[in-house]
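The two complexes that follow have subunit A in common; it is paired with subunit B in the first and with subunit C in the second.
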Partner chain A sequence: MILASIGLILLIAGVICDVFGAIGMHRFDNFYLRLHAATVGTIGGKFYPLIGVALIAADMRLWPIAGIALLSALLVMITAPVGSHALAFAAAEKNLVPIEKNEFTGDSR
Partner chain B sequence: MRELPVFIVAFVLYIVVTGSMTLYDIITGVITGVTAALLFSKHLIKNPKKALNPCRWLSFLIYFIKYVTVIELRAHLDVMKRIITKETRPGIVKVPITVRDEYGRFLVANSITNTPGTVTVYMDDEYAYVNWISVETDDMEERRRKILEEFEKNAIKIFGGADE
Partner chain C sequence: MRARLAGMLMLGMIIICLAYFLRSLFTSTPEISSLGKFYLQNSYLGERSAGSPEVVTSILWDYRGLDTYFETAVLFLAIISAVSVFRNMEHREVGDGFTGITKTGIKLVAFVTFVTSASVAFHGHLTPGGGFQGGSILAAVSLLVIAGFSKGALEGNGITKDRALAIRTLGLAIITAVAFYPLLEGFNFMQNLPVYPVRIRGLLISGSLLLYNVAEFLAVGAGFTIIFLLLSLPEVRRE
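Right after this comes the complex of A and B.
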């Protein structure tokens, strides 16, 4: 019962994070700022709900579902940043998006 | 010896995913673990003693729990506030980094990217280039303290400072 309640709280927190991530995507007008809104969507909006699902499943003794949800959460945690790194690096390397302060220039490497 | 840590991780993950401890699952888990260990251990493990040290695993667990609760919560609330107020000053800043171990650097880079508000753009031998949502200071030490000191401290505790 306690596990399921914690899981439910995590699911609701995930919904809130996803809504904020979506709002951020529209409100921020710069590519680099949108990346941060996307992080709120991936970590807050996917990692925590998956942990919540794992806890609810564990409460109902559905161990395979709990295990797969837990593993998916960890995989999201490890692999999600790779996409962000790739996008940010590509944009910064080719100087595609203007940014106010940029210390990552050709000379610094 | 090198195969043991990979076998343990693969076996534990297999058991967690199947969610059962019947004889059939244990046997298939052992087969999976041995296969994974034979195939990947020489690419993954350089120093088996370090990988089998329970203190390092314990500090990793403590760091992980602290990371997903305190650090993430603080960063999420900060970015949510900025989404509403639009108080931003984005910039790519240079931050000194001292960790040399490859896994340690991976942990630091991923920790930075996974906290909303900072994204790692590039990392060379001495500096990490971080896209920061609001550049607050020009002082490198101050930046280091704000962005990655905690991650770095834990990465050194878990993986060691030098590339061993």
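Right after this comes the complex of A and C.
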């Protein structure tokens, strides 16, 4: 019961993150900002709901579903940061998208 | 004005989708056609059994096996023609892949994807999936390696175009041999059950379905790998 409640809370949090990610994708006008919104959508809107599904399934003693959900969550946790890192790296390295203000060095290029 | 039009369009699409999915609440459930009933009743238990609880695979490789056989042949011809189009391209190497973060992530994901592809293909006669699906996932592994590392990394580990073509031909040869063997025994072309055993030592292999799935897995995986290798040839820049 407690596990299912926590899972439900995670699912709802995932819905909220997905909505914020969608709004960000629509409203942000920069490639890097949009990448941030997309990552909010994948980590917050996919990773946490999958953990929530695993918890709900564990509460209902559906162990195969819980295992698959946990495995999918692990894969999402690996692929989403790697994918956004690769996109940002490629865009910055080849100067496809100019960086307006570099937070690390302070100058803009 | 355009934003409002887009909003109206989206609203309309949502309403249409809702109506489509909710329509089953208001109409009676559709009848299963007689052919569908035949497949459902016979694929595992009936008299004309294919020995497989997975109805889609038994239709693909047993009841409608001839269709799939020539489909595989067509795919083989397409890959042969791609190889012949690209036969004079030079091999040259540009770039050395992504950062270490990406490479580590790709190593993990590629391993998991490889295991998944094998599981999808070898369980094709038990669970949804099969040779073509498993082979496509296998080819995705090679595409991952090409994207994250380089074309040379794949070829340096022994997966060259010629070797992939050999594996592709081997898979097709296995399919042809399994399809023609019942003729020698006096049965029909691509016949499944009396010719091949349903179980080996209690393990359900569904006659020839497992053989076809494994062969198609090799053929499709290697075939798409060839295509990805050819398409990832770097363009030559003319000065």
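Methods note: the second predicted complex is superposed on the first by the 101 of 109 C-alpha atoms of A that agree within 3 Å, B and C clash if a C-alpha of one lies under 4 Å from a C-alpha of the other, contacts with A are read in each partner's own complex, and residues count from 1 in each chain.
Assume a contact is a pair of C-beta atoms (placed from the backbone, for glycine too) under 8 Å apart; a residue touches a chain by one contact, two chains touch by 3 or more.
Given the structure is predicted, the values throughout are model-derived calculations rather than measurements.
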item: Subunit A as common anchor, with subunit B and subunit C clashing or fitting; value: fit
item: Which superposed partner A:Tyr32 touches (first subunit B, second subunit C, both, neither); value: first
item: Residue contacts with subunit A in the superposition, subunit B compared against subunit C; value: B
item: Partner chain in contact with A:Glu100 - subunit B first, subunit C second, else both or neither; value: first
item: Touching partner for A:Met60 - first (subunit B), second (subunit C), both, neither; value: neither
item: Subunit B versus subunit C as contact partner of A:Ile43, first or second or both or neither; value: first
item: Touching partner for A:Ile78 - first (subunit B), second (subunit C), both, neither; value: both
item: First, second, both or neither for A:Ile9, with subunit B first and subunit C second; value: neither
item: First, second, both or neither for A:Ala86, with subunit B first and subunit C second; value: second
item: Smallest distance from any CA atom of subunit C to any CA atom of subunit B, in Å, after fitting; value: 5
item: Subunit A residues contacted in one complex by subunit B, in the other by subunit C; value: 78, 81, 85, 89
item: Touching residues on subunit C, where the partner in the complex is subunit A; value: 98-99, 101-102, 104-106, 108-109, 112, 148
item: Contact footprint of subunit C on subunit A as seen in their complex; value: 75, 78-79, 81-82, 85-86, 89-90
item: Complex interface listing, subunit B residues touching subunit A; value: 13, 16-20, 68, 72, 76, 79-80, 83, 86, 88-94, 109-110, 113-117, 119-122, 124, 127, 129, 131, 133, 135
item: Residue ranges of subunit A in contact with subunit B within the complex; value: 17, 20, 23-24, 27-28, 30, 32-33, 35-37, 39-40, 43-44, 47, 62-68, 70-71, 77-78, 80-81, 84-85, 88-89, 92-93, 99-104, 108-109
